[in-house]
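Structures given as structure tokens follow.
Across the two complexes that follow, chain A remains constant while its partner is chain B and subsequently chain C.
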Partner chain A sequence: MRISPYLALVAAGALSIPLLTHDNYVIQLLNIAILNAIVVLGLNYTTGWTGQINFGQAAFYGLGAYSTALATKFGLPWIAASFSAILVVALASLVLGLPTLRLRTHYLAMTTIGFAEIVRLIIVHWEPVTGGTSGLRDIPGIDLLGWHPQGQIQHYYIMIAVLALAVVVAARIRHSTVGRAMIATKDSEIAAEQSGVDTLRMKLLAFMIGAIYAGIAGCLYASSIRFISPDSFSGTQAVFLMTMLIVGGMGSIPGCVAGALALTILPEALRFLGQWYLVLYGLGVIGIIALLPGGLASVISVRKLRWGHPQ
Partner chain B sequence: MSPAAILQARGVTRRFGGLVALDHIDLDIPRGIVQSVIGPNGSGKTTLINALSGASPADAGSIQLDSREISGLKPHRIAQLGLARTFQNIRLFANLNVLENVKVAAGCRSAESLFGIVTGNRNHRRTETAIDEAAREALHTVGLIHRADDAADQLPYAQQRLLEIARAIATKPRILLLDEPAAGMNMTESLALLETISRLKSTGITVLLVEHNVRFVMDISDRVAVLDFGKKIADGSPAEVQSNALVIEAYLGRRRRHA
Partner chain C sequence: MLRVENLKVAYGHIEVLKGINFNVEAAEIVALIGSNGAGKTTTLNTISGLLRPTSGVISWKGENINRTPVEAIVASGLAHCPEGRRIFPGLTVRENLLSGTAARPNNRKAIEEDMTLVFDLFPRLKERIKQLGWSLSGGEQQMLAIGRALMSRPSLLMLDEPSLGLAPIVIDQLFDRIVELNKRTQLAVFLVEQNSAMALEIANRAFVIETGTITLSGPASELAGNPRIQEAYLGG
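Right after this comes the complex of A and B.
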């Protein structure tokens, strides 16, 4: 794979950020933004490529976080806990996806909203285990074969590494039989079928890969913030993730990352406006959707052309 | 019941509510020929293609591809078994470029593991190379190789039709179902299309050509079947069909209603 100067610049920029600021608040914000980017990259498989509307992504994020928290609190080693959390999320997406992906568009959206609500209700009401609305605290941190990352900056580098992996995997899948078949499924299900694509399998695969992305992000969230509560994985969060995907640009990998970073950082950057920030934030989102139907990704791709690297 | 038939339909019936769109259609298509199906608008031509390809399955009847029953199978299985089709109302993949549109079809039988894709192992690279070559060859056959990197939905109309054909032949079909491929084409484009169809036939692909325009199919067809109101009213050589009284009536009757 050839590395474009554009990509190298972005990577160098990302790696040098902790040299420019030691403000824990900024790094913490970036860490959350990166986790959101991973979750949105996952959502992109289902919604951006395969064309299925999925409001369950925040619930998978939460499922990954709570599974990790409970498993590590129970005493499982971190590696084992994170693997079991990912397994839980993968199984949940399989069980949810198998019967519902036969449904079309808005029925699937409704089913995933229902699923998210069930997950939320379980978290809120199963208090002895999940801590209810007050959440879980003192979650054991990351333990990579005896290395315990300390402070925001070390965690930042772990997040960046996982995001890079998530991007590479997405790019590889995009330019393979699977990625093309997913996009074909979105563009014309019947033409995809008649070209030999098992569209049901593609929908299920996209849904499961997407859920696993959310599960990994949830695992990192629980082990790095070390406190979780149902608010972080609510239905509002699901809509928020969908907005990131749309603002970033459906189907575009750089767009997913840009959308997640922009919409996570913007509310904090606008905080000085007090109550007015939501107004400006809303106008900004509407502006981008109205003026850039391809999302932030359309700006990125123009830039790429200028650098002489189409596609 | 000729053993040489590559596609054999028996009693294929499709109902939409009270309307019988296909009424016990029997069809035997010998290997390696161009078989046309003609008929006035609404006679059931596209319904027949949808039934044969599994897009909108028949309610009753049997369909055999190379002596293997394919009715009731999912459309992607039927495509993998060697029956490909194009669409009268063009259905390209708008978010993929021209080459990728064809690659979707060219990869229809390659079973790749996600692990191979993600690690980019040798098996994956070999598969991608084979798919790329097959897709380029298909684009070459229809004369679209120079548009390989363009967006599919930016092609002129006639080229979009050719891309549909390239996508269909990239599945390496035994039989190719073309649903009014010349619709919307001018004279020059239609003649070029006829040449392409002859070339496909010479490579051993059996072609089922559905057309509204009778004159268009007469020269290229080895056999012609005629549908009218969901019934097959004639089937034979182009000359036989042209002199068939029922066929003349179906077409003239249709014209009188238009006037």
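Right after this comes the complex of A and C.
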């Protein structure tokens, strides 16, 4: 943990942001960025560490959000609703993962796209329950043992706390037997098995942990924005999440967070350009991929190399 | 300790191993030599469970392991160090070694002891402990691959072409280490090599495999003196 001074600096910065701005729009944007960061950290287990391509992550995000919305609207207490939403997502990932993770790379990519499409179609067409394309409104808010956070800033602190937990869990797993086994599975499946790693189990575990991350973020999304519609969890969103992971730096925890923050905030920051913002945005993404194949995370390691501390 | 009886393996309709028999006993170094495509790697992959035999018996410590899962075979003390090394480029040297312990009980003290043993054997790895796998030289990667296999605490180590792509001086050092390891820990070694001269130099016994059939076997020194072997594998 040599980077702990930096980590402390980042944490202090994150905690003091609401003191610097009271602009609700900025805080809400940050809240969305933090939720994206949690979802991307989840995607990193499957794609960044275990090397499986997963376009179903946005669907798990949506599944978590809709399950929470429906359960709280039905009258379940918030804690019970969020736990049941996470359970639904975990079960869905188990049922999807068990038969499909035997497939390799592009076949898995196709099945996850198919799964995402099924989830989307159900949300759009099961109107009496899901509200169809117009979505669900007036979702009950967060209720933590009687505390109801009000306003963007209180929600911001909840999101930051959950993100911090998500990062700590990811870092602990990365440096455990399980984390090494995941990366071994990506680097060489055959050698991993010859070293005694059950690669199928590792892929399933990574897939499920990743889905649970998305489920938790979905739950927070539904209960903080209090309005959800299928657009937020579409196939485009899945590609967007994958882009955040690549731009941030596959396999790097700070990279995941940086990628999600950058790509959530950038489109808003470029909004003054009108229609041209997409052009600049696209060029920016291509530029990062071309110049920094390791993503934003590699900036740190490149500087380390310059200082003469090869990793 | 390891007994292979009438082992046949096919890729689709093409039979690659046509009923081979051999055994490896405790504390022995046994070499399997042969040219490209003779079935050497197939033999190792079948024993370690990556391929399944069409018929025959692989018996390990008295048990039939024809259908045992790969991880369980590793856990039972049969380690396979694969051809082309296949270390994990995205993990550090230490993490590569630790990943070799996936199949054994998580006893930290015993694991650290075994890591010390690997570093005694290959001090270069200790110097590189925090480096990522991809940044090592070919020889260091081979040491790492062997070290990783040793971390599973095997009683038999199967090495597939450890000399592949290495400079002659590095091969010499590597083979010295393998002999040292065998002497020090009584570890049995099953060595598959195209570099027949080196293999016959360190082995106790050897087999020659030609297109899926074992054609010659005997003490390594005897095989090294065999005119046919000298002509076909030792360059006259």
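Note that the second predicted complex is superposed on the first by the 297 of 311 C-alpha atoms of A that agree within 3 Å, B and C clash if a C-alpha of one lies under 4 Å from a C-alpha of the other, contacts with A are read in each partner's own complex, and residues count from 1 in each chain.
Rule of thumb we're sticking to: a contact is a pair of C-beta atoms (placed from the backbone, for glycine too) under 8 Å apart; a residue touches a chain by one contact, two chains touch by 3 or more.
Remember, it's a predicted structure, so these values are computed and weren't measured experimentally.
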| item | value |
| --- | --- |
| Side-by-side fit of chain B and chain C on chain A, or clash | clash |
| Touched partner set for A:V169, first chain B, second chain C, both or neither | first |
| Touched partner set for A:D187, first chain B, second chain C, both or neither | both |
| Of chain B and chain C, the chain that contacts the larger number of chain A residues | B |
| Those residues of chain A which chain B touches in one complex and chain C touches in the other | 177, 180-181, 183-184, 186-188, 190-198, 251 |
| Sites on chain C touched by chain A in the complex | 48, 50, 69-71, 74-75, 79-82, 86-91, 95, 98-104, 106, 130-133, 135, 145, 148-149, 152 |
| Chain C-facing residues of chain A, complex | 177, 180-181, 183-184, 186-188, 190-198, 251, 310-311 |
| Touching residues on chain A, where the partner in the complex is chain B | 1, 169, 172-173, 176-178, 180-181, 183-184, 186-188, 190-199, 205, 209, 251 |
| Chain A partner contacts - residues on chain B that touch it in the complex | 53-55, 74-76, 79-80, 84-85, 87, 91-96, 100-101, 103-105, 107-110, 112, 114, 117-118, 120, 124, 127-128, 131, 167-168, 170-171 |
